[in-house]
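Right after this note come the structures.
The two complexes that follow have chain A in common; it is paired with chain B in the first and with chain C in the second.
Presenting the complex of A and B:
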């Protein structure tokens, strides 16, 4: 559980490889009574929490299911609109599961490009001369490490905040990339990576790094 | 001047030497990757690609045979089939790849066919075959080397590569070779 996921971005900003090692996303299920103290809003075809964080339910969490019926966008699987269900007092007490929705492939592409742009902005905004960009993004639930190579490829790794030696892991990733992607005659530069040996060795590197490095500081 | 003269004669005095130069695997892998891409741009089908790689290997093998026999066997030719194959399995592989081939087997039903088996050939170390080229094995290059070494040593044979227990080189000798070998053994 040390390393959550790996993203590789090419020099144009496109995502060329993505791997989720830990697919568990935070989820909270609770029973609520009328009136609901959370303020919900519709965002990007999903129902998310806008205000009223409590009990582990944070802003940005999506409604994943109601009373066990999974949600699909703004409606439940049985075609009832979610906001209508939640506004109707007769449905209470009601059991809602909130959590971070799983990212779709498109969303991952978009977020990778966004990070690429932020990285460039970070270089420009830095108060130090000749900054080399965003190295580490720290939050209370994860850390995002980024390593940019001399050829413009970025290796982005999301890890547990307690994971150590991630820069060594990033260098190992670079080695695996230069071995099994760049020496493969069937791989074209800057294209999505579809090499079996690359994936196998990447997973081995992740497992080795996880075994070695979770500190308890 | 005197020092220079001494240096010159020193180098000339030294023998040719074994000279086992070692090449970085990264350099080799990048060169081989380019060879495969070069061949791929000129063919349309997978069997043709394997043939091209085999042809390139044959150039290497024909040049390598003389040097190898000179260095390892002291100018003596191999006359017996089994000895030649063992020479290939140990010496040739050691010179090319730094280690011996894994197994040498005789086919059960056909005495003309031998199998040389390698679990993980070094030429394939960094190559992942895409799904649309399912049966391609880049060790066809090594098969070409094998074929021209055998042909050059007067054991005419055809060598093909297969995905079996890792990578298997199927060596099929001509009838004349087997017949001649029987005579030599009988003597």
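Presenting the complex of A and C:
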């Protein structure tokens, strides 16, 4: 699977670039009959499973679509409220698709600044002199690699736990940033990056790194 | 290889136990504030990982490293958190944290009838057992300061 996503955070903690690469989110589709066993709640403007894990549907999954009609927040695309639809017995049997919701632009901004502060706290809590912030954060589902430049810009890459040679990729990312964002006369420092050349070169770098990362194993 | 320090937090964020061995830098705040900061950071990392993960997490956050140290994290189902800081040469020590829980915490704290579970641990027995266990670990430095 390789590289999941790339975040670039400026020295103030603002997200200036984000790219999602082949993220396959788990989705579960199931047909239910009238009293719905799952307990659903609205959270952050989404309908979320609060209780009753079953058949791959986990607590925290959101309702993605009902009978093939995609959900947009708390309502369906045809403006019907999801909870009202699910409470109405005449709509059953009903087919609901659950899954992890995609992060919204707002959530991405928030998470990027959150990591910025965690990085600083990790540095402050160090038991050893002159430590940097968080370089690598490991979980069971992904690894988060972070590279901070001398000027304070952070390149954050989320990869598969088995992906190798990510530090080389981070350096390459810095190179691409310097060549195609910084050298672009229309780019202003610390502002969101909107350059086509940067984007295409970044994608090429990701693909190259994924090929190498796999062949190294 | 070395172990710097070790924290146990309960599910409410109370620091039950703290011990340090070869710590070379203090954080420049009172220990009480440091515990709050540590718990707060771990709490935030957990929520950060849960939100940013592309797939469903099981264990969630396990360890992070910086240029100088590595933080290992283990949480029991009851919300008890074990945090150990070591240097970078130490690999995965999740099983060791799990063992501290099952063979030391459970044996000498849970099974001790006079210990109140939501208060910091003052038991000398627990302290010596933990210290002996740590000093017996292969990556504990020979020269103890």
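Details
To be clear about the criterion, the second predicted complex is superposed on the first by the 178 of 217 C-alpha atoms of A that agree within 3 Å, B and C clash if a C-alpha of one lies under 4 Å from a C-alpha of the other, contacts with A are read in each partner's own complex, and residues count from 1 in each chain.
One rule holds in what follows: contacts are C-beta pairs under 8 Å (C-beta built on N, C-alpha and C of every residue); 3 or more make two chains touch, one makes a residue touch a chain.
Predicted model only: the values in this text are computed from it and were never measured.
Once the two complexes are overlaid on the shared chain, A:171 sits clear of chain B and of chain C alike. Of the two partner chains, chain B is the only one that A:183 touches; chain C does not reach it. Applying the stated contact rule after C-alpha superposition, one finds that A:30 touches neither chain B nor chain C. A count of residues in chain A touched by chain B and by chain C gives the higher number to C. After overlaying the two complexes on the shared chain, residue contacts for A:194 are found with chain B alone; chain C is out of touch. For chain A in complex with chain C, the touching residues are 4-5, 23-26, 58, 60, 100, 103, 107, 111, 114-115, 117-118, 121-142, 144, 158. Contact residues of chain C toward chain A in the complex are 4-5, 20, 23-25, 27, 34, 37-38, 40-41, 44-45, 48-69, 71, 85, 87. Within the complex, the chain B residues that touch chain A are 26, 29-30, 32-34, 36-37, 40, 126-130, 133, 138. Listing the residues of chain A that touch chain B in their complex gives 179-180, 182-186, 194-198.
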